[in-house]
Amino acid sequence: MPQVQITMLEGRTLEQKRRVAQRITEVLVEDAGASREAISISFVEVSKENYASSGVLVVDKKKNS
Amino acid sequence: MPQVQITMLEGRTLEQKRRVAQRITEVLVEDAGASREAISISFVEVSKENYASSGVLVVDKKKNS
Amino acid sequence: MPQVQITMLEGRTLEQKRRVAQRITEVLVEDAGASREAISISFVEVSKENYASSGVLVVDKKKNS
Amino acid sequence: MPQVQITMLEGRTLEQKRRVAQRITEVLVEDAGASREAISISFVEVSKENYASSGVLVVDKKKNS
Amino acid sequence: MPQVQITMLEGRTLEQKRRVAQRITEVLVEDAGASREAISISFVEVSKENYASSGVLVVDKKKNS
Amino acid sequence: MPQVQITMLEGRTLEQKRRVAQRITEVLVEDAGASREAISISFVEVSKENYASSGVLVVDKKKNS
(Lines give C-alpha, C1' and ligand atoms only; values in the text may rest on other atoms or scores of the structure.)
Protein backbone atom coordinates (compact mmCIF):
# COMPACT_ATOMS: atom_id res chain seq x y z
CA MET A 1 0.00 0.00 0.00
CA PRO A 2 2.79 2.48 -0.07
CA GLN A 3 2.29 5.94 -1.51
CA VAL A 4 5.69 7.23 -2.56
CA GLN A 5 6.43 10.88 -3.30
CA ILE A 6 9.81 11.81 -4.70
CA THR A 7 10.47 15.55 -4.77
CA MET A 8 13.46 16.27 -6.98
CA LEU A 9 14.97 18.71 -9.43
CA GLU A 10 13.42 18.69 -12.87
CA GLY A 11 15.48 17.45 -15.75
CA ARG A 12 15.59 13.69 -15.45
CA THR A 13 14.84 11.87 -18.68
CA LEU A 14 11.89 9.62 -19.28
CA GLU A 15 14.20 6.64 -19.24
CA GLN A 16 15.59 7.63 -15.85
CA LYS A 17 12.14 7.98 -14.35
CA ARG A 18 11.06 4.69 -15.88
CA ARG A 19 13.98 2.91 -14.25
CA VAL A 20 13.52 4.59 -10.90
CA ALA A 21 9.80 3.78 -10.75
CA GLN A 22 10.41 0.19 -11.73
CA ARG A 23 13.24 -0.42 -9.31
CA ILE A 24 11.71 1.34 -6.30
CA THR A 25 8.61 -0.75 -6.81
CA GLU A 26 10.78 -3.88 -6.79
CA VAL A 27 12.42 -2.80 -3.56
CA LEU A 28 9.08 -2.26 -1.84
CA VAL A 29 7.77 -5.63 -3.03
CA GLU A 30 10.91 -7.55 -2.10
CA ASP A 31 11.92 -5.84 1.12
CA ALA A 32 8.75 -4.30 2.53
CA GLY A 33 6.34 -7.02 1.50
CA ALA A 34 4.12 -4.57 -0.37
CA SER A 35 1.88 -5.85 -3.12
CA ARG A 36 2.96 -4.48 -6.47
CA GLU A 37 -0.44 -3.26 -7.62
CA ALA A 38 -0.86 -1.19 -4.45
CA ILE A 39 2.28 0.88 -4.96
CA SER A 40 1.98 4.34 -6.46
CA ILE A 41 4.90 6.67 -7.06
CA SER A 42 4.75 10.34 -7.94
CA PHE A 43 7.66 12.49 -9.05
CA VAL A 44 7.15 16.09 -7.98
CA GLU A 45 9.66 18.02 -10.03
CA VAL A 46 10.85 21.42 -8.87
CA SER A 47 13.13 23.98 -10.47
CA LYS A 48 16.50 25.08 -9.10
CA GLU A 49 14.74 28.09 -7.62
CA ASN A 50 12.48 25.81 -5.66
CA TYR A 51 14.85 23.56 -3.79
CA ALA A 52 17.25 24.42 -1.02
CA SER A 53 19.61 22.51 1.20
CA SER A 54 21.59 24.01 4.07
CA GLY A 55 19.52 27.14 3.54
CA VAL A 56 20.79 27.80 0.01
CA LEU A 57 18.72 27.46 -3.15
CA VAL A 58 20.19 25.16 -5.79
CA VAL A 59 20.18 28.03 -8.29
CA ASP A 60 22.53 29.91 -6.01
CA LYS A 61 24.82 26.95 -5.46
CA LYS A 62 25.26 26.60 -9.19
CA LYS A 63 26.49 30.15 -9.41
CA ASN A 64 29.29 29.44 -7.01
CA SER A 65 30.57 26.06 -8.03
CA MET B 1 -7.68 21.89 10.33
CA PRO B 2 -7.02 19.40 7.61
CA GLN B 3 -4.36 20.03 5.01
CA VAL B 4 -5.27 18.01 1.93
CA GLN B 5 -2.84 17.25 -0.88
CA ILE B 6 -4.14 15.55 -3.99
CA THR B 7 -1.43 14.39 -6.36
CA MET B 8 -2.94 13.54 -9.73
CA LEU B 9 -2.38 13.59 -13.46
CA GLU B 10 -2.63 17.00 -15.06
CA GLY B 11 -5.50 17.67 -17.39
CA ARG B 12 -8.56 18.14 -15.22
CA THR B 13 -10.62 21.18 -16.14
CA LEU B 14 -11.18 24.15 -13.91
CA GLU B 15 -14.76 23.06 -13.40
CA GLN B 16 -13.65 19.61 -12.29
CA LYS B 17 -11.22 21.04 -9.74
CA ARG B 18 -13.85 23.48 -8.52
CA ARG B 19 -16.28 20.64 -7.87
CA VAL B 20 -13.69 18.42 -6.23
CA ALA B 21 -12.49 21.18 -3.88
CA GLN B 22 -16.03 22.09 -2.94
CA ARG B 23 -17.23 18.57 -2.33
CA ILE B 24 -14.16 17.34 -0.44
CA THR B 25 -14.50 20.32 1.84
CA GLU B 26 -18.14 19.36 2.47
CA VAL B 27 -17.11 15.83 3.32
CA LEU B 28 -14.54 17.00 5.85
CA VAL B 29 -17.00 19.38 7.46
CA GLU B 30 -19.85 16.90 7.61
CA ASP B 31 -18.02 13.69 8.42
CA ALA B 32 -14.81 14.74 10.13
CA GLY B 33 -16.15 17.70 12.04
CA ALA B 34 -13.58 20.06 10.54
CA SER B 35 -14.33 23.76 10.39
CA ARG B 36 -14.70 24.92 6.83
CA GLU B 37 -12.36 27.90 7.03
CA ALA B 38 -9.54 25.70 8.32
CA ILE B 39 -9.52 23.34 5.35
CA SER B 40 -6.97 23.87 2.59
CA ILE B 41 -6.64 21.69 -0.48
CA SER B 42 -3.80 21.66 -2.98
CA PHE B 43 -3.78 19.86 -6.30
CA VAL B 44 -0.28 18.80 -7.24
CA GLU B 45 -0.51 17.97 -10.91
CA VAL B 46 2.02 15.67 -12.50
CA SER B 47 2.54 14.56 -16.08
CA LYS B 48 2.17 11.01 -17.37
CA GLU B 49 5.95 10.69 -17.10
CA ASN B 50 5.76 11.49 -13.41
CA TYR B 51 3.27 8.99 -12.08
CA ALA B 52 3.61 5.25 -11.80
CA SER B 53 1.53 2.46 -10.40
CA SER B 54 2.59 -1.18 -10.19
CA GLY B 55 6.02 0.04 -11.21
CA VAL B 56 4.94 1.33 -14.63
CA LEU B 57 4.76 5.00 -15.62
CA VAL B 58 1.39 6.15 -16.93
CA VAL B 59 3.01 7.24 -20.18
CA ASP B 60 4.07 3.65 -20.77
CA LYS B 61 0.66 2.23 -19.92
CA LYS B 62 -0.92 4.45 -22.53
CA LYS B 63 1.35 3.05 -25.18
CA ASN B 64 0.12 -0.44 -24.53
CA SER B 65 -3.57 -0.08 -23.99
CA MET C 1 -4.53 7.78 -10.04
CA PRO C 2 -4.78 10.29 -7.29
CA GLN C 3 -2.71 9.93 -4.16
CA VAL C 4 -4.52 11.78 -1.39
CA GLN C 5 -2.89 12.78 1.88
CA ILE C 6 -5.05 14.27 4.61
CA THR C 7 -3.09 15.72 7.50
CA MET C 8 -5.40 16.35 10.43
CA LEU C 9 -5.69 16.32 14.20
CA GLU C 10 -5.89 12.88 15.75
CA GLY C 11 -9.11 11.84 17.38
CA ARG C 12 -11.53 11.06 14.60
CA THR C 13 -13.38 7.78 15.06
CA LEU C 14 -13.07 4.79 12.80
CA GLU C 15 -16.55 5.47 11.50
CA GLN C 16 -15.65 9.03 10.60
CA LYS C 17 -12.56 7.93 8.70
CA ARG C 18 -14.54 5.21 6.96
CA ARG C 19 -17.07 7.74 5.73
CA VAL C 20 -14.46 10.28 4.69
CA ALA C 21 -12.45 7.72 2.70
CA GLN C 22 -15.55 6.42 0.99
CA ARG C 23 -16.99 9.78 0.09
CA ILE C 24 -13.74 11.40 -1.08
CA THR C 25 -13.21 8.41 -3.34
CA GLU C 26 -16.70 8.95 -4.79
CA VAL C 27 -15.93 12.61 -5.43
CA LEU C 28 -12.74 11.78 -7.29
CA VAL C 29 -14.48 9.13 -9.38
CA GLU C 30 -17.49 11.27 -10.20
CA ASP C 31 -15.91 14.68 -10.63
CA ALA C 32 -12.30 14.06 -11.55
CA GLY C 33 -12.82 10.97 -13.66
CA ALA C 34 -10.40 8.91 -11.60
CA SER C 35 -10.73 5.16 -11.59
CA ARG C 36 -11.74 3.91 -8.17
CA GLU C 37 -9.09 1.24 -7.81
CA ALA C 38 -6.32 3.77 -8.46
CA ILE C 39 -7.24 6.05 -5.58
CA SER C 40 -5.33 5.79 -2.34
CA ILE C 41 -5.95 7.94 0.71
CA SER C 42 -3.78 8.26 3.78
CA PHE C 43 -4.71 10.01 6.99
CA VAL C 44 -1.65 11.46 8.69
CA GLU C 45 -2.79 12.22 12.20
CA VAL C 46 -0.97 14.78 14.29
CA SER C 47 -1.41 15.88 17.89
CA LYS C 48 -2.45 19.36 19.00
CA GLU C 49 1.22 20.11 19.58
CA ASN C 50 1.94 19.34 15.97
CA TYR C 51 -0.45 21.56 14.07
CA ALA C 52 -0.49 25.33 13.83
CA SER C 53 -2.52 27.88 11.96
CA SER C 54 -1.87 31.61 11.94
CA GLY C 55 1.37 30.79 13.74
CA VAL C 56 -0.30 29.33 16.83
CA LEU C 57 -0.26 25.66 17.81
CA VAL C 58 -3.68 24.10 18.33
CA VAL C 59 -2.70 23.18 21.88
CA ASP C 60 -2.23 26.85 22.64
CA LYS C 61 -5.49 27.87 21.04
CA LYS C 62 -7.35 25.45 23.26
CA LYS C 63 -5.92 27.11 26.33
CA ASN C 64 -7.37 30.44 25.31
CA SER C 65 -10.78 29.67 23.97
CA MET D 1 17.06 16.22 9.53
CA PRO D 2 13.91 18.04 8.67
CA GLN D 3 12.38 17.71 5.25
CA VAL D 4 10.27 20.80 4.64
CA GLN D 5 7.65 21.07 1.93
CA ILE D 6 6.00 24.42 1.32
CA THR D 7 3.02 24.26 -1.01
CA MET D 8 2.09 27.76 -2.15
CA LEU D 9 0.78 29.82 -5.02
CA GLU D 10 3.24 30.39 -7.84
CA GLY D 11 4.53 33.86 -8.42
CA ARG D 12 7.03 34.54 -5.66
CA THR D 13 10.29 36.02 -6.91
CA LEU D 14 13.66 34.36 -6.69
CA GLU D 15 14.67 36.82 -4.00
CA GLN D 16 11.61 35.97 -1.92
CA LYS D 17 12.33 32.26 -2.12
CA ARG D 18 15.97 32.84 -1.30
CA ARG D 19 15.03 34.72 1.84
CA VAL D 20 12.41 32.21 2.90
CA ALA D 21 14.76 29.25 2.47
CA GLN D 22 17.52 30.99 4.36
CA ARG D 23 15.39 32.14 7.25
CA ILE D 24 13.41 28.93 7.71
CA THR D 25 16.69 27.07 7.86
CA GLU D 26 17.87 29.45 10.58
CA VAL D 27 14.69 28.86 12.56
CA LEU D 28 15.12 25.10 12.42
CA VAL D 29 18.76 25.32 13.46
CA GLU D 30 18.16 27.77 16.28
CA ASP D 31 14.86 26.55 17.67
CA ALA D 32 14.61 22.89 16.70
CA GLY D 33 18.26 22.00 17.09
CA ALA D 34 18.51 20.69 13.55
CA SER D 35 21.87 20.58 11.85
CA ARG D 36 21.98 22.98 8.94
CA GLU D 37 23.33 20.57 6.35
CA ALA D 38 20.52 18.11 7.03
CA ILE D 39 17.72 20.54 6.22
CA SER D 40 16.11 20.42 2.80
CA ILE D 41 13.28 22.66 1.69
CA SER D 42 11.14 22.28 -1.40
CA PHE D 43 8.69 24.83 -2.75
CA VAL D 44 5.83 23.13 -4.55
CA GLU D 45 4.20 25.91 -6.53
CA VAL D 46 0.61 25.59 -7.64
CA SER D 47 -1.59 27.82 -9.77
CA LYS D 48 -4.71 29.63 -8.59
CA GLU D 49 -6.73 26.80 -10.07
CA ASN D 50 -4.92 24.34 -7.87
CA TYR D 51 -5.38 25.74 -4.39
CA ALA D 52 -8.54 26.06 -2.37
CA SER D 53 -9.42 27.19 1.13
CA SER D 54 -12.87 26.99 2.68
CA GLY D 55 -13.84 24.95 -0.37
CA VAL D 56 -13.22 27.74 -2.87
CA LEU D 57 -10.42 27.81 -5.44
CA VAL D 58 -8.18 30.87 -5.30
CA VAL D 59 -9.04 31.64 -8.92
CA ASP D 60 -12.68 31.98 -7.94
CA LYS D 61 -11.92 34.15 -4.93
CA LYS D 62 -10.07 36.56 -7.16
CA LYS D 63 -13.10 36.94 -9.33
CA ASN D 64 -15.19 38.08 -6.43
CA SER D 65 -12.93 40.37 -4.47
CA MET E 1 18.58 16.30 -3.84
CA PRO E 2 15.55 14.10 -3.67
CA GLN E 3 13.24 14.20 -0.67
CA VAL E 4 11.46 10.87 -0.51
CA GLN E 5 8.33 10.26 1.56
CA ILE E 6 6.98 6.74 1.82
CA THR E 7 3.57 6.52 3.43
CA MET E 8 2.83 2.93 4.38
CA LEU E 9 1.15 0.69 6.90
CA GLU E 10 2.95 0.38 10.21
CA GLY E 11 4.49 -2.94 11.09
CA ARG E 12 7.61 -3.28 9.00
CA THR E 13 10.65 -4.39 10.96
CA LEU E 14 13.76 -2.33 11.47
CA GLU E 15 15.62 -4.65 9.11
CA GLN E 16 13.03 -4.12 6.39
CA LYS E 17 13.26 -0.35 6.70
CA ARG E 18 17.03 -0.49 6.72
CA ARG E 19 17.05 -2.44 3.48
CA VAL E 20 14.46 -0.24 1.82
CA ALA E 21 16.28 2.98 2.72
CA GLN E 22 19.57 1.61 1.51
CA ARG E 23 18.30 0.24 -1.75
CA ILE E 24 16.10 3.21 -2.70
CA THR E 25 19.10 5.45 -2.13
CA GLU E 26 21.12 3.24 -4.48
CA VAL E 27 18.44 3.49 -7.13
CA LEU E 28 18.36 7.28 -6.95
CA VAL E 29 22.14 7.50 -7.15
CA GLU E 30 22.48 5.02 -10.00
CA ASP E 31 19.45 5.87 -12.11
CA ALA E 32 18.58 9.46 -11.27
CA GLY E 33 22.10 10.77 -10.85
CA ALA E 34 21.38 12.07 -7.36
CA SER E 35 24.25 12.54 -4.94
CA ARG E 36 23.99 10.13 -2.05
CA GLU E 37 24.43 12.66 0.74
CA ALA E 38 21.57 14.78 -0.60
CA ILE E 39 18.97 12.02 -0.39
CA SER E 40 16.63 11.91 2.58
CA ILE E 41 13.91 9.33 3.07
CA SER E 42 11.09 9.43 5.60
CA PHE E 43 8.72 6.59 6.40
CA VAL E 44 5.36 7.92 7.48
CA GLU E 45 3.65 4.95 9.08
CA VAL E 46 -0.10 4.82 9.35
CA SER E 47 -2.45 2.33 10.97
CA LYS E 48 -4.98 0.18 9.14
CA GLU E 49 -7.62 2.74 10.10
CA ASN E 50 -5.65 5.43 8.32
CA TYR E 51 -5.15 4.02 4.86
CA ALA E 52 -7.71 3.37 2.17
CA SER E 53 -7.65 2.20 -1.41
CA SER E 54 -10.65 2.01 -3.70
CA GLY E 55 -12.53 3.87 -0.98
CA VAL E 56 -12.16 1.14 1.64
CA LEU E 57 -10.01 1.36 4.78
CA VAL E 58 -7.47 -1.42 5.18
CA VAL E 59 -9.03 -2.33 8.52
CA ASP E 60 -12.27 -3.08 6.73
CA LYS E 61 -10.63 -5.11 4.00
CA LYS E 62 -9.05 -7.34 6.58
CA LYS E 63 -12.44 -8.12 8.00
CA ASN E 64 -13.67 -9.45 4.69
CA SER E 65 -10.77 -11.40 3.28
CA MET F 1 -1.98 30.26 1.50
CA PRO F 2 1.01 28.13 2.17
CA GLN F 3 0.61 24.62 3.51
CA VAL F 4 3.82 23.71 5.31
CA GLN F 5 4.80 20.16 6.24
CA ILE F 6 7.86 19.62 8.38
CA THR F 7 8.92 16.00 8.65
CA MET F 8 11.40 15.60 11.47
CA LEU F 9 12.60 13.30 14.21
CA GLU F 10 10.33 13.10 17.22
CA GLY F 11 11.54 14.55 20.48
CA ARG F 12 11.26 18.30 20.16
CA THR F 13 9.61 19.97 23.15
CA LEU F 14 6.35 21.85 23.02
CA GLU F 15 8.25 25.09 23.48
CA GLN F 16 10.48 24.31 20.49
CA LYS F 17 7.51 23.57 18.26
CA ARG F 18 5.74 26.70 19.47
CA ARG F 19 8.72 28.82 18.51
CA VAL F 20 9.22 27.15 15.16
CA ALA F 21 5.56 27.52 14.18
CA GLN F 22 5.53 31.16 15.22
CA ARG F 23 8.74 32.11 13.49
CA ILE F 24 8.13 30.23 10.24
CA THR F 25 4.77 31.95 10.02
CA GLU F 26 6.49 35.31 10.43
CA VAL F 27 8.94 34.46 7.66
CA LEU F 28 6.14 33.56 5.26
CA VAL F 29 4.23 36.74 6.08
CA GLU F 30 7.24 39.00 5.84
CA ASP F 31 9.15 37.49 2.95
CA ALA F 32 6.57 35.62 0.88
CA GLY F 33 3.69 38.03 1.32
CA ALA F 34 1.41 35.30 2.67
CA SER F 35 -1.51 36.27 4.85
CA ARG F 36 -1.05 34.99 8.38
CA GLU F 37 -4.46 33.37 8.75
CA ALA F 38 -3.93 31.32 5.60
CA ILE F 39 -0.76 29.60 6.80
CA SER F 40 -0.98 26.12 8.25
CA ILE F 41 1.98 24.13 9.51
CA SER F 42 2.06 20.45 10.38
CA PHE F 43 4.88 18.64 12.13
CA VAL F 44 5.06 15.02 11.02
CA GLU F 45 7.25 13.36 13.60
CA VAL F 46 9.05 10.15 12.79
CA SER F 47 11.20 7.85 14.90
CA LYS F 48 14.90 7.17 14.32
CA GLU F 49 13.88 3.99 12.52
CA ASN F 50 11.86 6.03 10.09
CA TYR F 51 14.31 8.57 8.78
CA ALA F 52 17.35 8.02 6.61
CA SER F 53 19.91 10.22 4.95
CA SER F 54 22.63 9.00 2.63
CA GLY F 55 20.89 5.65 2.72
CA VAL F 56 21.41 5.08 6.45
CA LEU F 57 18.65 5.14 9.08
CA VAL F 58 19.20 7.57 11.94
CA VAL F 59 18.99 4.69 14.40
CA ASP F 60 22.00 3.11 12.75
CA LYS F 61 23.98 6.34 12.69
CA LYS F 62 23.53 6.69 16.42
CA LYS F 63 25.07 3.29 16.98
CA ASN F 64 28.25 4.34 15.29
CA SER F 65 28.89 7.84 16.53
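We just call them A, B, C, D, E and F in the order they show up, numbering each chain from 1.
Just so we're on the same page, a contact is a pair of C-beta atoms (placed from the backbone, for glycine too) under 8 Å apart; a residue touches a chain by one contact, two chains touch by 3 or more.
The structure displayed is predicted, hence computed values, not measured ones.
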Going by the touch criterion stated earlier, list every chain that contacts subunit E and also contacts subunit F.
C, D
Top of the farthest list for subunit B, CA-centroid basis, is F
Far-end chain from subunit C, centres as C-alpha averages:
A
A-C, E-F or D-E - pair sharing over half of the C-E contact pairs
E-F
What's the distance between the Cα centroids of subunit A and subunit E, rounded to whole Å?
13
Subunit B and subunit F: spacing of chain centres that average the CA atoms, whole Å:
24
What's the distance between the Cα centroids of subunit C and subunit F, rounded to whole Å?
19
Using the touch definition from the top, which residues of subunit C touch two or more other chains?
1, 3, 5, 7, 17, 24, 38, 40, 42, 44, 51, 53
Which chains touch which?
A-B, A-C, A-D, A-E, B-C, B-D, B-F, C-E, C-F, D-E, D-F, E-F
In the complex, subunit F touches subunit E at residues 7, 44, 46, 49-57, 59-60
Per the touch rule above, subunit C residues touching subunit A in the complex are 1, 3, 5, 38, 40, 42
Could you please specify the touching residues of subunit C with respect to subunit B in the complex?
1-9, 12, 16-17, 19-20, 23-24, 27-28, 31-34, 38, 51, 53, 58
Where on subunit C does subunit E make contact in their complex?
5, 14, 17-18, 21-22, 24-26, 36-37, 39-45
